[in-house]
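Got a structure here, written out as structure tokens. Questions coming.
Labels for the chains are A, B and C, by order of writing; each one numbers its residues from 1.
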Amino acid sequence: MTGGFASAGRMHWGWFIALALLLILLPLGSDTHTPTLLAIWSLFALSLGLMWGYAGILSFGHAAYYGLGAYTYAITAMNTGESTAALILAVLVPGMVAAVVGAMMFYGRISDVYMGVITLVFALILNKFMGATAGEAYRIGSARLGGFNGIPAFPILNVPGDPSTQIYGTGLYYVVVVCLLGCYLIARWVLGSAFGRTLLGIRENEARVELLGYNAPAYKTAIFALTAAMAGLAGSLFANWAEIVTPSLFGLGQSVEVIIWVIAGGIGTLIGPVVGAVLLGMLKLLLGEQTLVDNSLVLGAILILVVLLLPRGLAPSLMAWRARHVVSGAGRSRSGGSRRRRPPPSGDSR
Amino acid sequence: MSEPVVETRDLSMRFGGVLAVNNVNFTLRERELRCLIGPNGAGKSTLFKCLTGQHRVTHANGRIYIRGQDVTGWRPYEIVRLGVGIKTQVPSVMNGLTVWENLWLAARRIHGQHGTRREVERVVDELGLGAIVRREVGELSHGQRQIVELGLVLAQQPWLVLLDEPAAGITGAETERLIELIQRIQEAAAVVVVDHDMHFVRMLGGRVTVMHQGSILMEGDSNQVLNDARVREVYIGSRAK
Amino acid sequence: MDYTAVVLLEIVYMIAFLVLTSAGLAVVFGMMRVINLAHGEFVMIGGYTTIACAKAGLNIYVAMLVISPLVVGLFGLIVERLVVRHLYGRMIDTMLATWGLSLLMVGLVTMIFGNTAVSVPAPIPGYQLGEFQMGGYNLFIIAVATLLVVCLWLVLRFTRLGLVARGAMQSADVASSLGYNPKMVYMWTFTAGAALSGLAGGVLAPLTGLLPSSGAAYIAKAFITVITGGAAVIVGTLSSSVIFGTINQLVSFGSTPVIGEIAMLALAVVLLRLMPQGITGRFFRNSA
């Protein structure tokens, strides 16, 4: 059930600790290069899932903030020579930009498909702009923007205060894992707070929440900015993993990919987007290595099937299945009927 | 003479080519119960929405004062924050949340972290919602949802309550309960009830304002107004068309 | 003087381009509130069809004006029956499913045709305008776009088919009470939209090399044009096409094409902020 305050704010410590242990011990048994990427994608998906599943805001251009984080990191690192300020800015800049864009949209009472257009357009603008910045003239400080080719060779993460000690490989993996777990905890905390509960109300019926005296646009802008900051963090970590940033980070493809991860994994839970990102991310990487079946084809088919058959995604469907078949006794009678609610209702009431 | 709780001055609102509200001067006193009636198209819902801020009123349209404060052009949430409780025509509640959670949100803004729970329990008791408090509101009957929405209003402890067709779609026994509830609300707050059901209005009592074609036709005591020939004509006349 | 003519011609061409590439999406959105994000791929397949037919020796005009619409229309019919009709009323779900469809189609075409560009030469030669060399084919595109708008308007306004379609758009009950099955109306409307997309793809095929990923270029602009235009199919699309086409080209002439595109995108944001229901949500409310 996506509804209740309890399920949104409840921290499943058992699962969390198990997962944390798994992530921490993973390098003992496996190479960390791919898991780092999967964890970065998970963080990105988590940020969208938080906003979409709990506040009912679907952004079609969430990749804009992912890309902004990556570029901000690269540019700042190149200009300062080390990573501390870069990482901080990579979180703040997307957050602030999102605050402006969000305020413009939400105070203008723009919603569902029209918001989809605006968020998408914003990402496209960045994509086109960055793609056209080839040449000496386009630089911020000492960083050339590089157009289509992007920005390579910027300083990667280093221990704060000690620019010569760099963090990469397994070190980077641990940084990413800490960020992922940390953001998960932050998300849980937000959802359990009065602020988070108000967001749940807004998702259900924004007009009613306003009639209870809450300034709904302010709440929406706040969560939009917070999740943009998280996406920016993911983007900056990606920059460190890939050691290059390119305009494709802002592109249509990246935006739709993260939406597919969230919707396949499950809207309305925090673990769902992570599951989606990991599973589909691995699938994409595996498919990339063979040439028999095209990657887009598989991803597209999955999206269609998920929308038609599991509109709420994998995780909630699994949980609902579990609730119906595993939980015995008197509690079962009321849970059957209305469970097949679609993802957040804002766009579908026509 | 105490300051009016609600006052509109020369309020007009136009839709398309129609003047839905035409230079209306409406006044309401503290803890007064007023029913706003009129046939369909009379302008009562429009006037209601101007009072709640759901229709954006500019100074060109006139002025609205709530307890002396000029609220012309205010957004609904700003008006609610003054201490106004609003129930809209179509039951507007948060379907995916439980009754308890709905009430919690309503009470939280005013009561802070610790008082909210107590306030929710108070409202649940008062409205007799104990049996359904953990149910999802979307699963309740229409009548139950209306009561929950009234609970949302109560939980904010308003001194002005605006109800748009609170009796719509509810049955006989529930109607009596509703009337009792409204009269209890009136002990602490001024109440405006918009409805076109004369029978319900008669049972409710209080003062009545009749609207017709955007203007106030007549205002007075319930019995007096409802038996007036002009008022009957306005209702029957518009039905006969 | 010649320069002005060139600029004007380019603006009109851009408008025609937008109209052509948006028509299919507009019909489906305006009539059924369905957002088909695979629209770009429908256009792309129309292009591939025309090129394949032309390479096989068929007359290129027949290929682009008849065969492409038929092929893509048929494809649209299948898509509607299999996927879209389960999702009516669920706008976001439809967008997601059609987005998945677009990915699927790109994947399929890549597997079948490979990733190298295919092309076909424009059948109409260029001409001279003063000291400028102009593409003659652009004039053909403008002509087709104009004809399209006129035909669409005539059909919607003056034929029984158009009346039923517009009625069904208002409410399914209207179509029922006229004796038509609303589900059939939706099906044929979606098919018509697909056919229009195929037509656009066919007509635009001679312009550049076609790739499986070409659809992406069309969908973004078409999407923005249609949504900003609002619910009215013809007036909406026409008004937003005019505005965007003009701004895009004017700014392009003043600086670079990229800046022109960015200007168009930025303008879309501004317009939507001012008119959250699109242009025809605010003006020309009850037009076709």
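Keep this in mind: a residue touches a chain if its C-beta (ideal position, glycine included) is under 8 Å from a C-beta of that chain, and two chains touch if they have at least 3 such contacts.
Since we're looking at a predicted model, the values are computed, not measured.
Applying the stated touch criterion, the connected components after chain A is left out read B | C. Chain nearest the geometric middle of the protein is A, using mean C-alpha positions.
Spacing of chain A relative to chain C, judged by their CA centroids, is 32 angstrom.
Taking each chain's centre as the average of its CA atoms, chain A and chain B sit 42 Å apart.
Put simply, the C-alpha centre of chain B and that of chain C have 48 angstrom between them.
Chain A meets chain C in the complex at residues 58, 104-105, 108-114, 116-118, 120-122, 124-125, 128-129, 131-132, 252, 256, 259-260, 263, 293-304, 306-308, 311, 342-343, 346-348, 350. Chain C meets chain A in the complex at residues 33, 35, 83, 86-87, 89-93, 95-97, 99-108, 110-111, 216, 220, 223-224, 227-228, 256, 258-259, 261-262, 265-266, 268-269, 272-273, 276-278. Remark: chain A residues 2-5, 194, 197-198, 200-201, 203-205, 207-216, 334, 337-338, 341 touch chain B in the complex. In the complex of the two chains, the chain B residues touching chain A come out as 52, 75-77, 80-81, 86, 88, 92-98, 101-102, 104-106, 108-109, 113, 135-136, 138-139, 152, 156.
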